[in-house]
Amino acid sequence: MCAQKNIRVGVIGAGRIGKIHATNLATRIAGAEVAAIADVNLQAARELAEKLHVSNVYSDFQQIMNDDSIDAVAICSSTDTHASLMVEAAKAGKHIFCEKPISQNLATIDKAIEAVEKAGVKCQIGFNRRFDPNFKKVRQLVQEGKIGDLHILRITSRDPAPPPPSYVKLSGGMFLDMTIHDFDMARYLSGSEVVEVYAAGGVLVDPAIGEAGDIDTALITLKFANGAIGTIDNSRKAVYGYDQRVEVFGSGGMVSVSNNLPNTSVYSSADGVVSEKPLYFFLERYMDSFIAEMQDFVDVVIKDSPTPVTALDGRKPVVIAMAAKKSLDENRPVRLTEIEP
Amino acid sequence: MCAQKNIRVGVIGAGRIGKIHATNLATRIAGAEVAAIADVNLQAARELAEKLHVSNVYSDFQQIMNDDSIDAVAICSSTDTHASLMVEAAKAGKHIFCEKPISQNLATIDKAIEAVEKAGVKCQIGFNRRFDPNFKKVRQLVQEGKIGDLHILRITSRDPAPPPPSYVKLSGGMFLDMTIHDFDMARYLSGSEVVEVYAAGGVLVDPAIGEAGDIDTALITLKFANGAIGTIDNSRKAVYGYDQRVEVFGSGGMVSVSNNLPNTSVYSSADGVVSEKPLYFFLERYMDSFIAEMQDFVDVVIKDSPTPVTALDGRKPVVIAMAAKKSLDENRPVRLTEIEP
Amino acid sequence: MCAQKNIRVGVIGAGRIGKIHATNLATRIAGAEVAAIADVNLQAARELAEKLHVSNVYSDFQQIMNDDSIDAVAICSSTDTHASLMVEAAKAGKHIFCEKPISQNLATIDKAIEAVEKAGVKCQIGFNRRFDPNFKKVRQLVQEGKIGDLHILRITSRDPAPPPPSYVKLSGGMFLDMTIHDFDMARYLSGSEVVEVYAAGGVLVDPAIGEAGDIDTALITLKFANGAIGTIDNSRKAVYGYDQRVEVFGSGGMVSVSNNLPNTSVYSSADGVVSEKPLYFFLERYMDSFIAEMQDFVDVVIKDSPTPVTALDGRKPVVIAMAAKKSLDENRPVRLTEIEP
Amino acid sequence: MCAQKNIRVGVIGAGRIGKIHATNLATRIAGAEVAAIADVNLQAARELAEKLHVSNVYSDFQQIMNDDSIDAVAICSSTDTHASLMVEAAKAGKHIFCEKPISQNLATIDKAIEAVEKAGVKCQIGFNRRFDPNFKKVRQLVQEGKIGDLHILRITSRDPAPPPPSYVKLSGGMFLDMTIHDFDMARYLSGSEVVEVYAAGGVLVDPAIGEAGDIDTALITLKFANGAIGTIDNSRKAVYGYDQRVEVFGSGGMVSVSNNLPNTSVYSSADGVVSEKPLYFFLERYMDSFIAEMQDFVDVVIKDSPTPVTALDGRKPVVIAMAAKKSLDENRPVRLTEIEP
């Protein structure tokens, strides 16, 4: 099994998502190992490295770029550093796994994509939900033609609790921060491109979110190139937990997926019939998909095959998010060609 | 139990819906009897009357209006006759149960409402879905505050098969013919008024529907006076049967209702786990609600209490439907004040 | 539609089940009418007759037997009168619908069956659950071979609340009073005969039931002639309501049916995800099956076809119940040949 | 986090279950490491060790016993070696995790237990299903009193495919090989001891199993010390996959758990509404419970707390299985006191 040398991955960023990817690479991903961990917060990097028995720990990511024994990087640092790290990694000839979004700025994204293409390295963006078994099954049924022609797509995506207003201010707004996953999902499931967006929304959960300049509840209508229509509903707060459902309807039938539960228990008493609430949030809900996306990335590097989520896939939801924001501001449908002609 | 004299109802219209109401009145509704049946197609009226042991059969509805022993009428004739029959019945002092919609013209509706109010008779519009146990339960939970403040309302309403193009031409369009039930449901469940509508849609099911000047698939965004947002998705053809679901989400929780099935069987084999398709169409799905609405109407007459679905409730969805049509035509959100300032 | 003269039915017994059958015959069953109602409690008979507009009311059932215009009787009186009324009706040449059980005594049952056979009248026993859409579907899948060879049959049958001890004393015991429906269901679903029974059980719900000489909880193992095995679990008290489920497992797959609910609502809050309790008891749960069994009976009389639940079908569950009682008393498996060699 | 030295575990047996435990210990269990792997099939041990980066590989388990740096052993070899390895490990002062069953012979089990108790080492038996989130939740609700007094326990346990007849011959019979998990589950969930067993069963799946002296289908009635009754149904072949369900019913309510599915998709088409089959077999279904039981074992060793599944817990299901076998052979209920007075 191990004639093949492991892919050596440098993890940049030892925060929440960095910990997840580093741990998975160290213990769950076949064919890979963590070669180094870098974080401007050296202490965080050290703690993670120690736990995972990783020897190379740096405060400066450049040491990873300079290490010729390292095949790939996992960019898990803050969003504003993603694009420049992609450029650096591309220059260093390292394959790239980068967390979403690449950037909140299209020109910046384009530079990163250009660098990746020029270097000819693999680049995969962290839209992990594509690797969730529920959504994969929906995609599969669509691809197999079981749904027929797509008519209506419905995505429900609601968080269990809103982020703090301080986070909201830097987040780029709900569409870029939260709905971006749903925009990617819409493209992934439909197999078609969004051409027009209409967004309705407001501040219904917490006035502090409004004061931070954002909304917390939204209903977005999508029109696709293939004629289908779609709707996304978002809330920053579902008191019953993380609500992640999808429904795809077409000429041949419908497929829907519902939430994952911690167990299948159903308790019947004089007061009613009670089942479990959904898994609380993305760490619980999507852990399997974090593993699956990284395994896919490592396999792509090993086999020199195309990445399942390209840098362009990382760019398109940003355009949709921008159109959604414009639609909300102007209360009218906005075509994506208005964002970039 | 029967010291109380039965309410004597004259049924006008012996078509599909007339048969349902006449049969229910004759056999299922406590405190009521069918006093007469009228239809311009006398043969249809006769067959129905014979089956229900009703002696008085007319081709001219006026004979029902002239019969002082008749307390109420059930107007089940074609849509274009509803408003004038309401006026006639009001003049004759008869209580009115009238199928929806009252009319496709607001001025006509207003004249009918005026006549009803002047006469002081009871008037109930046939939005039967309000009497469905599923939707009643949703309404109840909203009213009890279990959902908290309403944030997002979702209605899925899909027919199993489209009507013939000949019908489509006369139907007033999908919004007035089909979505009107969903517009009423949106008002009923939210307890709030719609103030703005955005409609996306197209011809995805059958080009003949497009040639008849209508659409067959739609996604409608509603904004409510209380700040909530809602979405309705419609299709004229769901291959798996009549799809009638609702979900209400708010600060306190969510309630959803799914389709009714012919039985609870689940068959597990090597090929998968199969349960039943939804009940096929409205006759199967809503039979109980047809009975319940008529029982309520008869009780209202007996007890001299307010009707649960007033003539104004019959008017408002027409306004929403008009706004939706304008929105679709102009591809922009339309405020209801644009329809009537 | 009505060239055919209605089947005229005399209803004997105006108690709970008599009211159900009389009302259904008067209002829901095509091709039938209630010709007369008899009850030793004349007042009860009168009230029911008045409500249903039936003119002929008697305290003496014999007047029904003497009325040549009456085609059939529905025997809804107390259990101890069933067999002799069957004999009388057979002598009078009337078709017979008789509530279960025919009798608690096999010799008495045999006399009734003999009379029926001699007279050549139709005779149907009121095992209404066979007409329930859930159980019919299970039977259909078994008959179609979708389950393959039957291996394991599971019936769960639990009442929401125990009857009063006074009733328990006269009931013939839980097996004859309650489980008898499940014994019939076992035969109906399996399409095979029970050959051996082992019953475990006890008084777990209410000591007063034990003092009345009965049990309130049981687990019964059945062996069938075709080699399959089955289990029935009974309780007199399920706090969450009437629990009526079945599962059939075989070489080709499994089919299960679950409880019917008043509506499909699912309420998700911070406290959990709550759906409705099962319909409370047999009146709510099995109303459709009461209608369906009577319609079948009337159709059988009209078409002169075989009854779907014969007098012999009424006898066999009594034998199984007797074997179960013997098994419980002696704590050993009992073959049905021990009850009648 | 790692001031604490890892628990060093020697894994004995590199077959299917050995691979699972070794892999989990190496990659998933906090506070543990694989110190050595031994298997009489040295090649198998080597392959596993290489994959997990374990240096010490032996064909003779004794080298593990002799290694003072090793704290604990995981006994994953063939059943006939379990008891003697427990004795050896106890003598060597090593904590013991041992796969079930300890032995098919009670005297042999007793010697192993005696050795463990004398040595004062920890000993945990591999009844992994106790660590499954579904069954844990059932247990929790019972322990919290949510079910009230236990009345009826139902376990469904069906394999997707039978083992080869060669395996069947050495398995000790279905009750010791397969039902033993269900007997343990009955004790675990009820919190009470089984006092009497009645087993019905036969060869319905495959005649070759009968020729090998075993059965493949069974229905077992259990009587508990606390008065409750229970039923287990087993099949060696459910064509729809691994069927692992439990239901506990009592004076306060009921809790049931159903199968785990690979995803939550529901596909509705003209042919029906299809959901996924259960996870195929125990590797898929119970992987989480294998991890959880081993984590618990390691934590027990670290914290010097009592093991959650004791050697006695490993013995009792063997006694129940013996009673079940006797019951099947003699077709009568058998009290456990008949197996050991």
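Each chain gets a letter, A, B, C and D, in the order it is written, and its residues are counted from 1.
The rule is simple: contacts are C-beta pairs under 8 Å (C-beta built on N, C-alpha and C of every residue); 3 or more make two chains touch, one makes a residue touch a chain.
Note that this is a predicted model, so its numbers are computed, not measured.
Under the touch definition stated at the top, chain A and chain D share these contacting partners: B, C.
Compared with chain B, the chain whose C-alpha mean position is the greatest distance off is D.
Chain C and chain D have centres, each the mean of its CA atoms, that are 43 Å apart. Measuring from the averaged C-alpha position of chain B to that of chain C gives a distance of 39 Å.
Mean C-alpha position of chain A lies 58 Å from that of chain C.
Shown for chain A are the residues that touch two or more other chains, namely 238-240, 252-254, 268-270, 276.
By the touch rule above, chain B contacts chain D in their complex via residues 238-240, 268-270, 272-277.
For chain B in complex with chain C, the touching residues are 1-2, 27-28, 47, 50-51, 133-134, 136-138, 141, 146, 252-260, 262-270, 276. Across the complex, chain D is touched by residues 149, 151-152, 154, 156, 158, 198, 200-202, 204-205, 217-219, 221, 223, 227-231, 233, 235, 237-240, 243, 249, 251-254, 331-333 of chain C.
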